[in-house]
Every structure is written in C-alpha cells, then in structure tokens.
Amino acid sequence: MGIWSVAALGLNVITGYAGQFNLGIGVYMGTGAYATAILTTQAGVNFWLALPCALLISAAMGFLTGLPALRVREDALAVFTIGLVFVFESLLIYLPYFGGPVGIGRIPYVGINGSQLSKEGYLALVLVALGAVVAATIYLRRAWMGLAWASIRENELATNTIGIHSARFKLYAFTIGATFAGLAGVLYAHFIHYVTPYDFGFLPSIYILVMIVFGGLGTIRGAIFGACFLTLMPELFRFIQDYRNLIYGAMLVGLMLFEPNGVLGDESYVWRLILSAQQRLNEWLNRVSKSRRAYSISAAATNEIRHKTPNSIKPASRKILETRNLTRRFGGLVAVNDVNLEVFSQEILGIIGPNGAGKTTFFNLLSGTIPCTSGEIRLNSEPIHRLSPHLIAQRGIGRTFQIVRPFSQLSVLDNVLAGISARYCKGFADSLRQYRNSSDQDEAHLILEQTGLLAHKNEVSRNLPLGLLRRLEIARALGLRPNLILLDESFSGLSHRESQSLIDLVRMLRENGATIMLIEHNMQVTMKICDRIAVLNYGNKIAEGMPEDIRNHPTVIAAYLGSAHHA
Amino acid sequence: MMLLIQQLINVVELGSIYAMIAVGLALTYGVLRILHVAQAGIYAGGGYAGLFLYETTGSFALALIGSVIICGMCGMLIERFIYRPMLPRPRIVALIASIGLLICFSDLFRIIGGPNQLSFDIKSLNGSYEIGKLLISKTDAAILAGTVVIFAALWFVLQKTKLGFAVRAAAQDLETTQLMGIDVSRSVSWMFFISSAVAAFGGVMVGVLYNAIYPDMGDAIAYKGLALIVIGGFGSLTGTVIASFLLAAAEVFMTTYTSVPLSREAIAMLFLVLLILVRPQGLLGKA
Amino acid sequence: MLELINLCVSYGRVKALRGVSLKIANGCIFVVLGANGAGKSTLLRAILGLSKATGVIRFDGSDITGLATFERVRRGIALVPEGRRLFPDFTVEENLKIGALNRRDHAAIEDDLEEIYVSFPRLKERLRQRAQTLSGGEGQMLAIARALISRPKLLLLDEPSVGLMPIAVSDIFAGISKISIRKGLTVLLVEQNAKKALDIAKEAAVLELGSLVIEADAEALKSDARVQEAYLGGH
C-alpha cells in the first residue's frame, strides 16, 4: 500500500499541483523499477547504490517526456501521455535488454550490512520512503515552487505575466513527480522480486490516476487515502476480486458524476463534514481564546520596504516606454496599425477608443502576450518586443486583465505572494525556499495594505466581489515592483464608490513612483485621473493630448458618436 | 500479386474499421469537446449483441440491424445521463468517466460472455467468389460492401440532411447554432446514436472477420482511436479518415514485410508521439 | 411586441442588469445606447435565454420566460450577435441556409433570398466563398441576412457597427431601416455608435451600469446633452 501511495504522490505533483494531466505515470514507475532491476540483477550492484541511480534515471525520464509535453495542447496532452505509456510498454516487451514479456526476475532482497531485511524491516523502509516523499511534497507545496505550480494550474496566462516562466515549472513538476514514481518503482521491484512490462502499462497508470482522483486531486491526504483504500478494498472484499474492474469503472463514473473533487478533496462532502466536525470539536473543547497573532508590521520594516521601491524620478522628463510603428495583423485584419506612442515616467496615460479599436491588443503587445507583426517596443530604451511575457514582467511591466483572472482557489494573500514569487523563480534552489518566511510576508502585507485588501487576506479569492478582485489583480501585479502598470478596464463594472477608491489607489501608485497606462470606457474616470490621453480607432492612433483637448476633439467625438458625414 | 491484392483488401478493411470508430470520436469531440473513449465499449458491445442475436434468430441481417439499433440507443443513454451533466466541468472529468465506462463495459462482457473468445461464424459467408483470376472470400466481400454502404450513409447524413447540417454547425459554434432555432441537445443525441450505431457495425464486422469476440476487443481500439483523432487533427473528419487508412496501411505492411518487434498498438502510438513532436496540431488540424 | 418586466441578470456577484423594464411596440426600431459594460449585450442575451434572468419576458403576447433558446428563436426572434459569430467553415450560402433550417416553404425561402440580395448585393457575388474570407462589412451583412432569412418578427442586433468602416456602418444601418419599414419588422438595436443609430430609430433608451436611465423618443435624445456626457464624461 505504501508503495502505491508513493506513486500516487508522484502523480499528484504533476497532475494535482501543476495541473498537467498525465495518464501515463507508469512510465516513470517502470523506469525506476526496471532500472533497479537491471542494476541489481545483471550488474550485480548493491541496492543502496542502485537506488540513487534509478532515481536519477527516472528524473531524466520525467524531464525528457516533459519537454514535448510543453508544446502540446491541453486535450492532446492526455492523449499524448497515453501514447507514451503504450510505447513504453511495448519497448519493454520487445527490446532485448529488458527480458521480454516475462520481465526480469529474482530481484534480490534488500540488505543492510550483509543481512537481509525481514518483511517488517522492508515495511519500515517503505514507510520511511513514504514519509520522506510526504515531507518533500509538503515542503515543495510551501515553497515558491508550489505557489508557482498553483498559479499555473489556476491560470497559466496570468502566471506568465507576473514573471513566472510556466514552462520551466512544468518541467520541474514532471521531473520531480517522475522521481517519486521511480522511487515507488524501485520499492515495488524489491518487494515483488520480479518486474514485467505489464505492471507499468496503461491500466496500472489509470489505477494510480483513479487513486488520486478518488481520494481528492491535489491533496496529499487524498493521494494516500485513495491509494490505501483502493489497494485494500480487494483484499477486504474477496468476492469483489472477480468484479474488480467493473467496480473500478463504475466508481470512476459515479465519482465524476457526483463528486469530481474526490472523497477527501477540498470541496467534497466528506471533507467538509470532517472540517465542520473538527470545528465543532474545537468549540466544544472550549478553545475560545485562540491566540491569533495580530499581524502588525513594525515601522522599521515598513520604512525598509519603502526604501526599496523605485525612487521618484523627476516626473515628465524621462521616457519610460516607446512604441515605433507597432503593428499587429490577424490574417487580413489589422488590429493595431503603425502606432507610435511615448510614455513618460510617472504619468497616468489613458488609452481610449470605441469598441474594437485595438486597445486590448495593444496592451497584449506591450506585455508580450502576443507577438507583434512589425514595429518595436522599447522599455527604458531597451527593445522588449521579442521577449516572452514572463521576461517582460521581470523587466518591470505589470498588468491586469479585462476579464479578471485571479488565482481563484488561492487566498488573497497567496495571490499577492504569487506576484512576488517571480523574484525567486530565477533559480531552482531559490524556488525551494519556503515562502512563508517573514520578509516576503511583510512585503505582501504592505501591498495588501496599500491596496486596501488587508482585511480580506485569508479569504479565498473566488468569493470576492468584482471591485475587490480588480484590486487583487493590481496587488498581484505589484509583486515585482513594476515601473509600468497596465490597467485594462479595471473600472468596468464598479459602482461609483468603488471607482472613487480605485482612483485614489491609482494616484497613490503613481506617487510611489510607478507609471500607469489605463484602458477605460468610463469617461468620467478617465477625464478625472489621466494626465494625458491617447485615442485609438480601427487600430490607429487618432489623437493624443490633454483630457480637455481630447474631449472637444472633433475626430474623437466623431469616432465615438458617429458623424452625420462619412469619415 | 495476389498477396498484394489481399494485403490491400486487408488495409481497406482494417482502415475502415478504424475509421468507423475514429469518426464517431471525432464527431463527439468536435461538438462536445469530449474524448469519448467508451465508444470502444459500444463497439465491443456491438460484436456481442450481434453474436447473441445471430445465435437466437439465425439471421445475420437481423443480428446486424438489431445490434446497431441497441448500441445506438446505449450511446444516446450514455450521452444523456453521463456526459451531459458533466458539460460544465473541466474536460478531464468526462475523459476519466469515459475510461471508467470502458473498463466497466469490458468487465461486463467478461462476466456475461465469459473470459474466452467466442466464435462468430456465419455459415452463409463461408467460401469465396471468383472474379477472373481473383479469389475474394465471401466475408471480405461482405465487409467491403458493408463499409461502402456505411460510409456512404454517413456522408449522406452529414452533408445532405438537416441533422448533419446542424451537427456540422454545432462543431463550429454551439451557441450560435442554438440561435438558429436548432435544438442542439436533440441533435447531439442523434449524433451519439449514429456514431454508436456505426461503431457497433464495426464491432460486428470485426467479429465476423476474425471470427472472434472477446471482452477486451474494445481496449486495443479505444486508444488507437484517440491517437487517430489527434493525428488527423482535432475536429477534422477527413483528417481522421485519412489517418485511419494510413495507420492501417502501416500496420499491415509493417507486420508483413518487416520484422519490427512492436505490437500494433505500439505502432499507432509511436506515430502519435512522433507526429505530435513534429506537428502538434495534427495532419489537417488548425494551428 | 416585446415587453420586459423587471429583468435582472447576475454573473456570480456582478449584477449585470438591475430591474430593466421596457416595452417595444410592433414595427418600431428601438435603440439601446450605453458605454461598454453597461449591460447592453446582457440584455439581448437575456431576451433569448442565453443568460439566466429573473423577471418576465413577453413576446408577441405570450410569456416566453421559461422557454429554451431555440424555442424562443422558433417563435420569431432572431439575433445578430456581437462579433457576428458566423460559421467560419461554412460558405456564405451555407450560412444563409442554416438560418432557414426551420422553415419548410422552399419557394418562399428563395424569394426571401432574392430580396436579401437586393439589399446586400455583395453576398450574391460571394455565395461560394467561406465565411472566414469575408471583410468586416460583408460579414456583418451576412450575419444580418442569416438572421433575416428565418422571417423573424423581432430582430435583435448587438453592436453591428463594431470594427466596421464608417461607410459600411451607414450602409448597414440604411439596410436595416429599409427592411424594417418594408416588412414591418420590429428591431431592437444595441449600439455604441449613438448618432447613426439614433438616425434610424424611433425610440431609444440609455443603459448605465445595468439600469435604464433615460427613455425617450429618438429625436429628443439626439440633441440631449446627456448622451454626449454619458460617452465623453461630463462632470
């Protein structure tokens, strides 16, 4: 059972955490198993030496299979992994080194210091391994790596715009998940003492997937519970053995219909029962005065953080962004046509224009979300138009989206921390650091305070009203201390009061040194808050200037209200 | 020469069987974006139903028609009660449920029909026809004829009927199809009926061709079917059909003329993996 | 022809429509103006049942609030969606035919098509071309034709001027006006481009943040300063 739990946890990392649906986990488990089998039987290598080798090989396998998986679409990914596992199984059967369909047998018992490990001893070994994997998983989840994975799972596009290179983290997930599965394979091999290709084919891979989905996708307790329950069940109910597949199948179907989050998943009926029972228990035991450490930021820490934010540069003189002949075509349609724009440091620049004028496309070009057809974009005189979104984000452009894209299942605090996380995502070692350490928490809290979200820091972002969600997107974008912030219709759908407080926030951001570009349809807001306004229509910039000039500009009025004459 | 002709016939037969399954999958995916793996279970079910009906009634025609209708209805039920409630959920949910269904079906057949191969021997199809110097077995001839009929019928429905029109529209834009006053749920139900019926037909054909009906017969083809729609390009029916015949050709010629030690599933999957690496959108898919 | 009573639509926490009530008479061209995010598209979607709404919707005398979308369409409502939503892989001809799928009177369909070609001659030239290849203006014409071919009693148009050159917009609005007068077709037009829309309309209303704030004769609204304010900021 322990062995299957380890494998399940491995898949959990890939599928549950990073959201990459892998239906062929058997590949990694089999790699580990066969590696150790070959090493110990044919090369006569000692188990303790074979173990790390096998793990390394599994990791490599995870990495190699992860690379092509990056290019594949969501639906195709599942099919691709199915294909992988079939090919793997066949290779094992037909290539000469692997012993053919009969597999490799007589895998030795594990020994320590010359004496063979008894059955109990082996169980202990497995439990130790399980413990190690659980610890590693928890550690990873609490590290920046885990936060990056959660972000990717929630919304990959937004993740890249806050500076996290999603491809790299997906690869990490594959590699680490594969290593865990490989470990399971090794333990399996030395438990059963022989391995055959059919042990790691498609059906076993599906069993493991069922385990984590059954137990609760994305949770450790789910993976372990699923593994244990499903391994134990046939033993306890002998008569089921005959109908095992039928029941598996029926269970899958039933589960997906009624409780797709798994038995112990976060939203499941059972888990909520457990949580509420736990809560009642706490109340009954009279723990009324739970010491909640009120989080207070010391004045010193605040000053220190404020010091680190970009200094106020002399306003209006420095050009922070420039686009030259920026053009974007979609087939025959020209969405953005030859736009030349200059943006000056610490100004609030509005981008307006009728529907379909190309405003959001323009922002997408600036943030790197889509490539430009021709022209260039320079940030602080450096060309950025060929860079990937995460690199552009790291260079200091943050953005929000027209349709809000928060990481909905994460708390408000975690969303903001995710925004900060890109700072640690440059190196593998960095991303392993636990993210709940104090200095980053301080900074996150400061951002929350600035954006007025401190009171909601622990709420799941999905439950927030729209006004707060828009602030959250801004808060998340502030994580990398961007010099330029792009706000895409952040005022849309807000009440008058919410708009007013958002205006205050935007002004405050500017005072702290940021430059702001905003796309808006709400003219009252735009006229109130912008220093300058540029107007787009049919992809062209048709006007640029101070708000009063724009308001009375005949071309602009014609663009919006239509004119009696043809243009 | 004779051998080549026989091989070609094999390719066409195998290709059409693959196409029958894969087309159903492609249709389902095109409209609902669901990978309907359980289609293979219906295919196997078709074989079993056909055998059962043949043994009870003694008429092959009745067996064929009955099996097709029963499986068609099963398909409709699956859509109505299992897939429809899952539409608002992420697509992996439907995929897992479909896999679960397939496993259920396979086991059900094992329990009801026994774990061993059953033989499906049609007396009237024994023997062969002579056309000039060519010898074609009656079974082959029947299958080829059946294939032509089915594909012609399918083409007709899709291109010339209101239902086909509605389905093709729904595959492009489900919501707007509703705006045309078309009852999309009903069209989807009928689409499931048709693709399940075609799959069942394939199952019966295969049973007769290889004279074998066994519980796992769906499994091999299920995942090949998936590979085929990916290779053909998601949502492209022509691409899927082409892919089916290409795969059949590859399998037949590789197993006859070369000694590559890969199983037939592996060949399909290998193609899949290689193709995705080179051209992630499939043969005729859109980028 | 159309009566909306206290229509409310919420997307999760966001209230897109707040208690909208209005009446549109037979044969009238009614224009709803408003900035982006005001709820214009939501209004049309609610009428057709694409978005869940509370309140009552009466069409041609009967209550259609509980009906499915396709049923409402079959009763005689047609929508020209925002962004056109043509079937990209179908030809112009097929896009037209699918609009008429529910009709049985083949001869009359042919007649209607001929009429449509008179108003939109460019479509006849491009019958066999795939809808994807049409220009913005042609695509909009096709979308309108597709809606018209079902012989609706009420035609809903969602921002038909978006992304179109001004000349094309004038052509299209002229076409809509002509057809409405000739056939007595009731039209509900939702638009950003106020001036041109108000030119062909009889009555109009302005939506702001999900609520109906002004409702008047189109003529009166044309010179109403409030409209200009609503678009280009005032206070």
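By letter and in written order, the chains are A, B and C; residue numbering begins at 1 in each of them.
We adopt the following convention: a contact is a pair of C-beta atoms (placed from the backbone, for glycine too) under 8 Å apart; a residue touches a chain by one contact, two chains touch by 3 or more.
Fair warning: this is a prediction, and the values are worked out from it, not measured in the lab.
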Seminar exercise, completed: Greatest centre-to-centre gap (Cα means) from chain B is with chain C
For this session: Could you find the two chains linked by the most C-beta contact pairs?
Result: A-B
Problem set entry | Euclidean distance of C-alpha centroids - chain A vs chain C, Å | 40
Problem set entry | Separation of chain A from chain B, taking each centre as the mean of its C-alpha atoms, in whole Å | 37
Exercise. Rounded to the nearest whole Å, what is the centre-to-centre distance of chain B and chain C, using the mean of the C-alpha atoms as each centre?
Worked result: 43
Seminar exercise, completed: Listed in rising order, the residues of chain A that touch chain B in the complex are 21, 68, 71-76, 78-80, 82-84, 86-87, 89-91, 93-95, 202, 206, 209-210, 213, 242-246, 248-253, 255-257, 260
Exercise. Which of the residues in chain B come into contact with chain C in the complex?
Worked result: 162, 165-166, 168-169, 172-173, 175-184
Problem set entry | Touching residues (chain side chain B, partner chain A) in the complex | 29, 33, 35, 82, 85-86, 89, 91-97, 99-108, 110-111, 223, 226-227, 230, 234, 261-263, 265-266, 268-270, 272-273, 276-277, 280
Seminar exercise, completed: Seen from chain C, its contact residues with chain B in the complex are 48, 50, 68-70, 73-74, 78-79, 81, 85, 87-90, 94, 97-99, 101-102, 146, 150
